[in-house]
Every structure is written in structure tokens, then in C-alpha cells.
């Protein structure tokens, strides 16, 4: 048997998202933590579309520490995303947790997200990868960069190289912030890996007022895009409220990103 | 909707393994990291049976950091376990990674293991739990004790309370050992949780010569049993060789455990 | 210049504490976190002496996170230790933080403690080492084993090999316990380092009810002694109350230690 | 006794460094890890002066893990700094480790640095603080933000509020980079603490090619200045060579910083 090995020096992977190409243009993924109801999603989609956000994201299936916590609207959430997709003609991204949900998601979702808890779930990675659609692979919150790249290789190995790495903070001893956003990893990947990398400053900080500075810091570190939890009324968001920003803040981040983009 | 909550103060869960009851007798889980071939498994099973080991464990499906590393014998491994089970009449434990393997494993495996990488894979936990068989739930290598107990609750919540917690070391800054075996967690669970807890000093240290002292330390901390990677010829083991002990060392650990058991 | 290097394979260092020799007999260091007043120290010393504790320890100088927290009785604390030493003829140990306190402590203190926060304070290590008395070198709470051994080398290098390593827990992501007691390090040092190593389960857990099991686990891992915060009335202790045990618990630990000692 | 408490809401502390005021202008601290010899320091100082670097830094006393490693030129290093200061009329900063060196450093050094290993060395903090000069307080590599602010309070409490916090990376499980630069802490302090905060991307990454992107990321996160190991010939630097940049890279960082400064 010939032992295949990773070759990080291969050409940069080009992934086209809507009108932009990751690594060439800054790409924005925004939306609520959870899909809540059709009405709220309409308001959010309307604003994001108008602002020029590239991808609408929202969770239908929510992995939660406790089995007794809200687990997402599940199939109903997918249906809401389906309606929004048609009404607003937006690129849609959502997280998949269960092999058995892949098929039904395939018709609705343009970009599949693998969450931080599932980065080591290689079975799921392979099955999701087989769809041939772009996959956002969030870093496991305690994964080394080496493990993260190897997890991506599980998808590449089945013939899908549309992998978008997403730094979302790691678990450390620090408790002032929810996680420690590791922008070193972004700067490292930008120079040593052929896959695009985006930053999620919402989970990376867990604190609303830190989202903007850390989003921009992420861009300067070398990120190709940003994934940000955004809501028309953050205080009412049914999950991750304390780290969700409003539309005005997202607008500022997008404006500032365009100003610093040429420097990176 | 009535919000169910965890109640750790409920009565201790009695799990019978072979001739013993966890929390009352020290229970031993031993065997190789990977199922390698029928011949080697026969030699190992023969020795372990003679020594009075309660459960034979061996990996058929191996989750590996790289997709290009040995992934276990898979179905062939299960078949070998099936033959061994009949020939030696032993209790068998193995890890399951994929929802689609549960059914075929059900006929052969007495105790399902959920590995450290899959502790947050709640979908797998629920489906495995539905078998109604005992489940070894290894602690995620970066999971807090609170997250670990909550993961167990995903199994308890579907009506299966045969959950055995297994401390196997956590990821820290220290690199002298592969992981940092957190025996504080064992002492804590022994006093605050109704589920039995066992210790895996093989992964917990990653160093062969440290397995014996840390196994015994685990017992004094309050462990109800030990899960130890054991091989007739550790140096030839095809995975985790450097942390696998031989039969003589296991014999000493079992002897010493019986000597200190009444003190705990 | 000839580059001196560490040689961990040199003969085991024999340190005599009272009537015992570390590495041959289990040695007990006990007493309150802080020296509080003469009366309380008399009661504690009386009990410990009667129980056969080898070393009375108590803090006169307390390094605290906040400058506005109680910093110890300082010189008055040293004086109390001096009186106790004469009245009870006990071996005394206390922590030194400031180069300028070394001289005055030299007349009273038999064993100098370097606290976890000062493990990297090489200037202090060298100056304390020059006294030629035994030094308890607590592991920095985020120090690797390699850094810890190297810190000891700063003392050995000036000609004092009376160094007692003390594992007291490391800082990790886990918050159920105050620190994560790293007994792997104890098992490792027992086999690879010529210095004795003791365990502090009080700081190592931060939880009173976990002190006994983790003390005994420490002995099984290979510790040569135990350092335990003990008080006649733990609830009234003016610092570290929640991790301080009473005299009865210490008595049980000493009894159990003698029962398991020959197995290690 | 009246219990004094921290009040982070007090007015922002203004610290004037050369011609700039921290928090208003970006301030640059640059120079070699160690003072090596007069000739090399002259070349470095000449270049830095010409580029407009505000503070020349260089280590005379080097705390090293092993007592057998190069410990800096010590007094000779101070003397070289003294000559350079006069010749180039630059603001000088160096680290002090030993209480007994404070007095002699006082005549030469304008800004005293407390290194990461000494953040908990409160005795040193207080004595250095008494000089009334600005103090760079590097974050302990495993210190929480709360402990770091409290350490600063030891200096503020003796009447010196000229404290400059310096984020230099924390110790985590990740090994791709030397430390994990925690820019979350910078964004947090920028909004919640009245002291200026600077970033050290040299120690924060440990990798030369990551210094520039992380320096700029630090500025976007909210840093008031940068401390960067710089050398005329990085490959020949006698310590920290692999994380030291050359003059051209520093020039680019300074140029880019001025371009993004108004956005922060």
C-alpha cells in the first residue's frame, strides 16, 4: 500500500463564495447563533443582504453541554433556512451533527459547518465531505494546529478540497474571556497552509464588546474572512446572546475591514 | 415543557461486570490497543483469562489523527473479537465510532466504549446508549468534569444508567508525559457522582514504566477499576506500544490492588 | 569555560528530617497555612508533636494575589515559630519571599520553603540555597517538570543538594478543583531524579474532602512524604480554610500511609 | 485598618515616553534580546534612532531555565547601555531581576522591565516601583488577566502609577508557536483598565515570520505600543535568534502601524 502523505505546499485552494473568492476578498459569514423563527430570520436576512454579507449562517441543530438545554429547532430550522434562501437568494451555511441529517441538508445548505466539538468526528467529516460542497471546519477548542490540519485532510482525502478552516478560540486557564482566540494559528496557517482560514471572534471572545477589535485583529493576522454571530436584537437572542453583536457593529467591522484589507 | 435536571444524589448505579459489581469489587479491563490478528488475541485472551481479568478490550475501529495512519482492522477486528468471545467465554469491550457500526457490534460486544475524541458526539452517545448495554464513557481530553457528567446524562436520559466513567488524562502544557492523569477528578466523582469511575493509566501517562504506580494511585484516589493496555509482547504492539505493559506487570498491579482495596 | 550539565543519574540525595530519612521513611510536614497567633500555634504544635508529625510548617510571609489581602504576620510570625520551636523541640519550616529576610530566618527555620510563585525566582533560590539547609522547592503552578528540575539545579549548583521537590498541582482548564494535582510528575521523578519528592494535596485539590484520597494516591504514585495544611479548627483558619483538614483526618492519613508504604 | 481596593475606573494613566504619550501615540520598544557587546549595540541603536524608535531595550540580566546557560553580561551590559544612552540620547529600558541591582540600574535605565517569570515576585515589584520610573510589567506566562492587574496594583499601591502592561503570550497546549499571544486580553484591558498595554509579538509567537502580522493584529486589538526583539543581524543574535526580526521588517511594521492607528 502506498502511504499517502499531506502536502501543504500544493497550490492554494480557491473557494468561491457568492461573488467573492476566499483568500482574495474578505468574506463575511453572519447570522444568529440559532435559527429562532421565520419572522426574525427574515429581518436578519434582509439586513445582512442589504449590507452585502456573503453568507447567512444560523444553527438548526445545536450541540449543547446538557441534554436538557435547547437543542435547536432541528428540521423546522432547516425549513426556515430553505424559505429564507429562496426569498433572499442568499448563500446559506449551517452546522450538521448527525450523519442521518446530511441528505436532507444537502438540498438547502450551500456550506456545511463542522462545529468545534465534532472536529475529531472523522466519520462525520468524511460523510459531509462527500457532498462536494464547501465545508467550514471549526478548530476543536483543544486541538493543536497539527491535529486541525490533519482533520481537514480527512475531507481532502476523499476528493473534496473545498475546506475553510475557522479559528474560534481555544480552551486555556484564562476565564476573563470564554475562550482564548489564537490568532497565532491564523498567521501561521496564512503562511503555511493552502486552505483559507476565517476567524470567529464571537466564540473566540464570548464578550460582545470584544468582537469588533478581535475581528479586525483577525484580519491583520491574516484571516480571509470573518464568521460573526449577529442579530437584529442581540439581547433577545435565544442562545449566545452575550457574544452576539447588532447590525450597526457588523457594518462598522465590514467598513474597517475594507480599509485595512490591502495592508494584509 | 418540564425541564428535567441532573440529580447526582440519586442512588449509586450498580453495574455487574462478569462476576463482580463495580464500586464493590475492583474490576479490570485489559487487552491490546488494537486487535491485531487472531493468533495474538488468543495468546492475550488466554493469559488474561487465567489471571482473572474481568473484561477483554481491544480496538477494531481506531480513530487516528491522520487519515493515512492505521485505522484498525474494522469488521475483521470485530470478527476476531467474536471468535475470542466464544472460545474463552470472556466479557468483551470495544470502541464504536460510527452510528452504522452499532448494530453489528451489538451481537458481539458486551460493553461499548466511547473514546475520548467522541465524548462530545452526543448523537453517538444516544444511539449507543439505546442498546441498553454498559457504556464506558471516556473523558474528553479537554473536558471539564462538569461537561463529562453532562455527556453521561445524554445516555442516562434515554433510559440507560449503565454508564462507567473512565478518566484517561487531560491535555495540559506538560510534555514529559502524554497526558496529565487527573486523579482529582476520580476522588471528586467518587464522592459526588452516582456512576462508577475507572482509570486508564496507559493513556493517562503514555509511558510504560509509569503505568503501575499511577494505576495504584488511581485506586487510592477512589477508582472502581482499571483499564490498562496489555500485550503479550508490548514492543511488537502495532499501536500505543510505548504505553503498553506486559502480563507480569499487570499481574503485579492486580495483586497490589487487592492489597490496598480495603483501605479505599 | 567548562559547561557544567545536569546529571540526574547521580546517587540519590539523602536528606535527614528529624528521625527519618526522606526516600526511606514517609515524612510528614503539617501545620496551618498562616501562623495566626501564639495560642493557636501551641495547640496545633502540641497535637502534631503527639501524632509524630516530623515537621511543623506555617506561613509568616504570605504572597497574595492582591496587595490589599492579609500578607502574613511577617516578623511577628517568625517570632511565634521561634517560641514554638523551643517549647516543642520540633523541626520548623516556613516560606521565604524576600532576600532580606533570609538572615533572620536562618536562626529559626530548619527547612526553607520556596513557594510556587517563586520557583522561577532564581536569585532567591541561590541565596536561600547558600544557607546550606534543606529547601522545599514547590513546583511552579505552570512549570514543566523539566523547568522544575532545572530550578532545583540552581540550588545544587551552589553546592547545596538538600533539595526536596514538592508537587502542589498545576493550572489547567479544569475548575472543579483549585489545581490539577499532577501525580504523573511524582511517578516520573521517583524513577528519574535523584531528589526526594513530596506531595501537597491541600493546594493540589483545594477541597478539604479530597485531601485524604489524594494524599494516599500521592504515596502510591511514589511520593516520599506529604505536606498538608492542618489546623485544630479548620473552619476558623485565616487563610486556605476550605482546603485545611483537622487533626483526626491527618491521623487517618498517617495510619493509612504506614499501611501502604511497603507496597511502593 | 481601612481596606483599600482596586478602582479600575479611575482616569487613564498618562505615561510620556520620549516625545509620545502612551494611549495617544503608538510607542515602539525595540532592540536585541541580550546586550551582546558595545559595537553591535551601537549599530542597533544607530538604526533604531534613525527609524524613530522611542525606546531602546536590551537585556543585561537574563533569567534562564538552566543555571548553565548564558545569563547575560550583567554589570558589563548595564555599562554598555549607559554608554549608548549618552552617545545616542535614547530612552533605555532593561529588565531587573535582583533587588540588589535596582540602585545601580537607577542611574542608567529610564524604564524598568519586570519579566514574565517575575510577575508574581511582589517584593521586586514594590522595590522597583519605589524608583518612581515607568515600569513595564510583563504578564506572567500563566497569569490570568485578574492576577496581572493585581500585580500592577502592588506598584500602584506604593504611589507609582507609571505602569505599562505588556502582553507577551501565555502557555497553552499548543506547540506550533512558542506561546499563545492572547490578544483578547489586550482588547479587554483597552476597554476596562486605566493602564496602557503594549504587545510583545516576539515572545508571543517565537517565530520570526509571525512577528509582523501579530504586531499589527495587536495594534488592531487595542495595543498602545509594541515591544519587538530587533537586531541588525538576527541570525547571529546570541539569544532568541529565531524570533528576532531585522531592521527592514521593523520599518514595515512601523509604517503599517501608522496607517491603521486612526482606526483603533
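Read from first to last, the chains carry the letters A, B, C and D; within each, the first residue is number 1.
Note that in this section a contact is a pair of C-beta atoms (placed from the backbone, for glycine too) under 8 Å apart; a residue touches a chain by one contact, two chains touch by 3 or more.
Computed from a predicted model, the values in this text were never measured in an experiment.
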Rotational angle, Cα trace of subunit C fitted to subunit D, multiple of 5°: 180
Distance-maximising chain from subunit A - centres being C-alpha averages: C
B-C or A-B - the one linked by more C-beta pairs in contact: B-C
Separation of subunit B from subunit C, taking each centre as the mean of its C-alpha atoms, in whole Å: 35
Set of subunit A residues in contact with two or more other chains: 142, 146, 171-173, 175
For the subunit B and subunit C complex, residues of the former touching the latter: 142, 144-146, 170, 172-177, 180-185, 187-188, 190-191, 204-205, 207, 209-210, 213-214, 216-222, 256, 259-260, 263-264
Of all residues in subunit A, those that touch subunit B in their complex: 3-6, 63, 65-68, 97-100, 117-118, 120-123, 141-142, 146-147, 150, 153-154, 157, 171
Residue ranges of subunit D in contact with subunit B within the complex: 142, 171-173, 175
